[in-house]
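Labels for the chains are A, B, C and D, by order of writing; each one numbers its residues from 1.
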Amino acid sequence: MNNVPFKGIIAYPITPFDDEEKIDIPLFKNLVERLIISGSHGIAPLGSTGVMPYLSDEEKEAITEATIQQVKGRIPTLVGVSNLTTERTIHHAKFAEQAGADAVMIIPMSYWKLTDDEIVAHYDAVAQKISIPIMAYNNPATSGVDMSPSLLKRLLKIPNVTMIKESTGDIQRMHFLRKELGEDVAFYNGSNPLALSAFTAGAKGWCTAAPNLIPELTVELYNAVEEGNLQKAKEIFYQQFDLLKFIVNKGLPRAVKAGLNILGEEGGNLRSPLKPLTDKEIEELRNIITSL
Amino acid sequence: MNNVPFKGIIAYPITPFDDEEKIDIPLFKNLVERLIISGSHGIAPLGSTGVMPYLSDEEKEAITEATIQQVKGRIPTLVGVSNLTTERTIHHAKFAEQAGADAVMIIPMSYWKLTDDEIVAHYDAVAQKISIPIMAYNNPATSGVDMSPSLLKRLLKIPNVTMIKESTGDIQRMHFLRKELGEDVAFYNGSNPLALSAFTAGAKGWCTAAPNLIPELTVELYNAVEEGNLQKAKEIFYQQFDLLKFIVNKGLPRAVKAGLNILGEEGGNLRSPLKPLTDKEIEELRNIITSL
Amino acid sequence: MNNVPFKGIIAYPITPFDDEEKIDIPLFKNLVERLIISGSHGIAPLGSTGVMPYLSDEEKEAITEATIQQVKGRIPTLVGVSNLTTERTIHHAKFAEQAGADAVMIIPMSYWKLTDDEIVAHYDAVAQKISIPIMAYNNPATSGVDMSPSLLKRLLKIPNVTMIKESTGDIQRMHFLRKELGEDVAFYNGSNPLALSAFTAGAKGWCTAAPNLIPELTVELYNAVEEGNLQKAKEIFYQQFDLLKFIVNKGLPRAVKAGLNILGEEGGNLRSPLKPLTDKEIEELRNIITSL
Amino acid sequence: MNNVPFKGIIAYPITPFDDEEKIDIPLFKNLVERLIISGSHGIAPLGSTGVMPYLSDEEKEAITEATIQQVKGRIPTLVGVSNLTTERTIHHAKFAEQAGADAVMIIPMSYWKLTDDEIVAHYDAVAQKISIPIMAYNNPATSGVDMSPSLLKRLLKIPNVTMIKESTGDIQRMHFLRKELGEDVAFYNGSNPLALSAFTAGAKGWCTAAPNLIPELTVELYNAVEEGNLQKAKEIFYQQFDLLKFIVNKGLPRAVKAGLNILGEEGGNLRSPLKPLTDKEIEELRNIITSL
């Protein structure tokens, strides 16, 4: 077992839908293939970008299997299995492991705000049922709960919780985590506009939907940081900053779909209530992409 | 069709689970019956209190049917049918109507923050498929989107969107709504600690889990306000204030279950990851209930 | 000594300036007189409305003396003496007492966020130097520190700290204070849009700049509440709600000055950097005042 | 005239007080000298660290003169002249220029929230009265107003507003500013825990109280960034991170005074209501300093 299978650019594919708003598996496979051949170091289906919460159990399973089939082990896979109930989280985590995923990502979704003890018990219950590593994901904006560094420390004592993904958008938090948890803990950045700062702070990887539109720039940023070349990293970062800001502000699935179309790629449809960007927003994105 | 079927105390039952965390329909019916015979003016299954987001489609349908069967038309029913996707929201809204619900409640659940246009289209799509009235529910803390008064105005133009439930916890918002939307629009308060202020501001009803534990006090508050007796209303409100505060702070399903047990009633189990209150919290609740 | 000299409507005069932005004492006295004869139950110079922080020590002293001279004991006076340093707060508190003020109001101004112990020591140091009662004022938006109910409890143990003014704008806080501190503690509402809710919650008075523009409506609201007439109180409140909202949103000194001019009264100039409302804002205010 | 006289480490001295809480000019000069000889690239009296808002006009003038006398042109000086009123801001800005300051720093202090037009008029009025450059300072936590990038753009059109200091603590804001305002605008970081990220983002300097305690580490961080050595910059930053976090959390004047004492230096007294750190806090700081 590889405890920390990820580093570099972990790409998040969107989940495309057909005209009847059903998932479009062949198109999904195409999109995954694009991410692989353009150099991403890992792939993460069923994230926020992949509108996981909008899918039925069967659809999630189909996306999981399609990913593993398409990737064929070329790069590691990180499958999102978060669910409001512990029982469903276990179900999807076991499914992902059996399908061949390298790791699962779990955010403590919480309609009712969970206590620290409830969160630990939740992760622990899932961890006991699978053997692949778990990335614990902190994103209060979507989960409704902000996991403190001391809670993350508790989670890291569970043997297969080996990675942390941080998306508070606050770089101070990342500095704090790195200090508090030590250099050995693998932490990942999930906030696109923080890409440069997070790598500078020591993040092992960047979980991002940006490779759907600008795969080269994301990889080049990582490489510049790996080389310790601050000036080059800064230049590459500012080159893509407007795009990162745009896709975050407009919502990743909507923005990525529009961007793919601008690039001449098929992006499929969105599932209601999500609607395409407005014409004005598409024009704005076109200008950003053209000027890259 | 009765466009605004609710006034007074609209009671929210919890959804109890058995030892294997499956929904316990007989116990649920008992809990509903308690709410009816203790004087609630309406009943609202599948709300936050009823942990609706933690239930499967089949479970939601079973709870809907059990409610209608148990109520037998004695008081009006308001069924929660919110869902992240428009398609599933329509599904549950139609189910509720066919089962005999008097109205449905819809909050714009939003993993990806919805634009105003997306929200209007969402409500409109559902409204076209049913004939019973819709209560639009604003609660940014759980939905992630704060519907502005101008957006609510747009929603109220959809013929069967006839009621607004406000749970921002900000009484100024309620004053503003009442001024902006006019006296004729039926608005409801969903924030327990604001019960007195909201009635004072003109709320037509109070959507609350409190009747599970203190049915008389909630009804008496409403009656005092109806009589225009400010002094009495104030006294009754302060009598129950600590309890309202406690159940909100600890989470309604967990607090109501604990409170039922303290009262000698069966409350069933919670579904993981939700866990019972700690012994210390239960003791605190016991003290509050004892001193009422 | 009267420990709690205030109830009802405590009116806050603006501090008017002449063409050279110097304080205009004769005009100030006129404005104070208007407040007295239109029925206010108390008067509070050197509040936020009176732009106290923009005045020099000498100017504050002149305003204090002008108030006492003009009021001539007809209604009680509450003089603002808050200052960043303890030494200056004591200076102004002693000056106010010697000038004949009935009480002083103190907010813990804090450029550097104060600890609870620092706040208690600050109030205590001032309290020991004067014999008149102190109103402790909580308004995190301007002071930068939110005094918790437990801190307020500590302050109330200082013999001449006898009154609390709450301006968080959160009615739940007021309910909590009333429950926590007991019915005997005199608390006052400083948030205009909460006027109805605060009186309903048990506030003894309303600290407000509104009497500069609508003295009758503010007094009528208080009287309706005193009579326990909820329906009447509600009507009177909604009548003035738009004006309360407007003056709060635009800033009290700027809005009151504009309103006085609309009413045909002299309001003086503002001190830079504060500028008059724009023409569009003045028009909006005119419409609100005309439709009262 | 040098339009942008600062780069690197701009050190903020505290203002020490004697036993009677009067400013201690000889000790202040000693503290300034320590900052100069330990390598700071600029010095900034009368900042937040220097408790400027707690000083009288005369005291501010004495501190300004003492700084210029002690520095003797060895490094550039940046004098804080912010004031609630435009008139007093002009007064202190003119005083600083006449005393020989290289630049002044101005934050739009605002008891009453200022509009964009009021802020522009405020800076413009001051700028017209002096010839030395102005650093516009954005720190919503202390000023109560968050100057948007578009407002900063407007300010930069005023000829001698040539520098921006950003202290929102949000690195995304700094990225945005740099993109929006262009590479030529000199922006400075005022948030200690963001030191590494801000330099990485292109900040020209770091405005900080840390050199009072760890002058070498702050200069080394700047040098590592100048060399483009990311790995070294990261190591030096993490070495001082706990100290930066501590002094920010405890309040700069209180923490710096305690730190000086731990280092065996005289730090003077604080002015009430500010009180020394508790023994436990001092012990915590001692541990951080010892382990550097």
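Heads up, the rule we're going with is that a contact is a pair of C-beta atoms (placed from the backbone, for glycine too) under 8 Å apart; a residue touches a chain by one contact, two chains touch by 3 or more.
In this text the structure is predicted, and so the values were computed from the model without any measurement.
K.L.:
Which neighbours does chain B have in common with chain D?
P.N.:
Neighbours common to chain B and chain D are A, C.
K.L.:
For the two copies chain C and chain B, is the contact made of the same residues on each side, with over half of the numbers shared, or of different residues?
P.N.:
Same, since over half the interface numbering is common to both chains.
K.L.:
Chain C to chain D: how many Å between their CA centres?
P.N.:
The computed centroid separation for chain C versus chain D comes out at 34 Å.
K.L.:
Cα centroid separation between chain A and chain D, in whole Å?
P.N.:
The answer is 38 Å.
K.L.:
Which integer distance in Å separates the CA centroid of chain A from that of chain C?
P.N.:
Each chain's C-alpha centroid was found; their separation is 51 Å.
K.L.:
Two-or-more-chain contact residues of chain A, please, as numbers and ranges.
P.N.:
None at all.
K.L.:
Just spell out which pairs of chains touch, all of them.
P.N.:
Result of the pairwise touch check is A-B, A-D, B-C, C-D.
K.L.:
Mind listing the chain B positions that touch chain C in their complex?
P.N.:
Touch residues, chain B against chain C: 169-172, 175-176, 178-179, 193-194, 196-197, 200-202, 225, 228-231, 233-234, 237-238, 241-242, 245.
K.L.:
Under the definition above, what is the set of chain C residues touching chain D in their complex?
P.N.:
Going by the criterion above, the answer is residues 21, 48, 51, 53-54, 84-87, 108, 110-115, 117-119, 121-122, 125, 141-142, 144, 251-254, 271-275.
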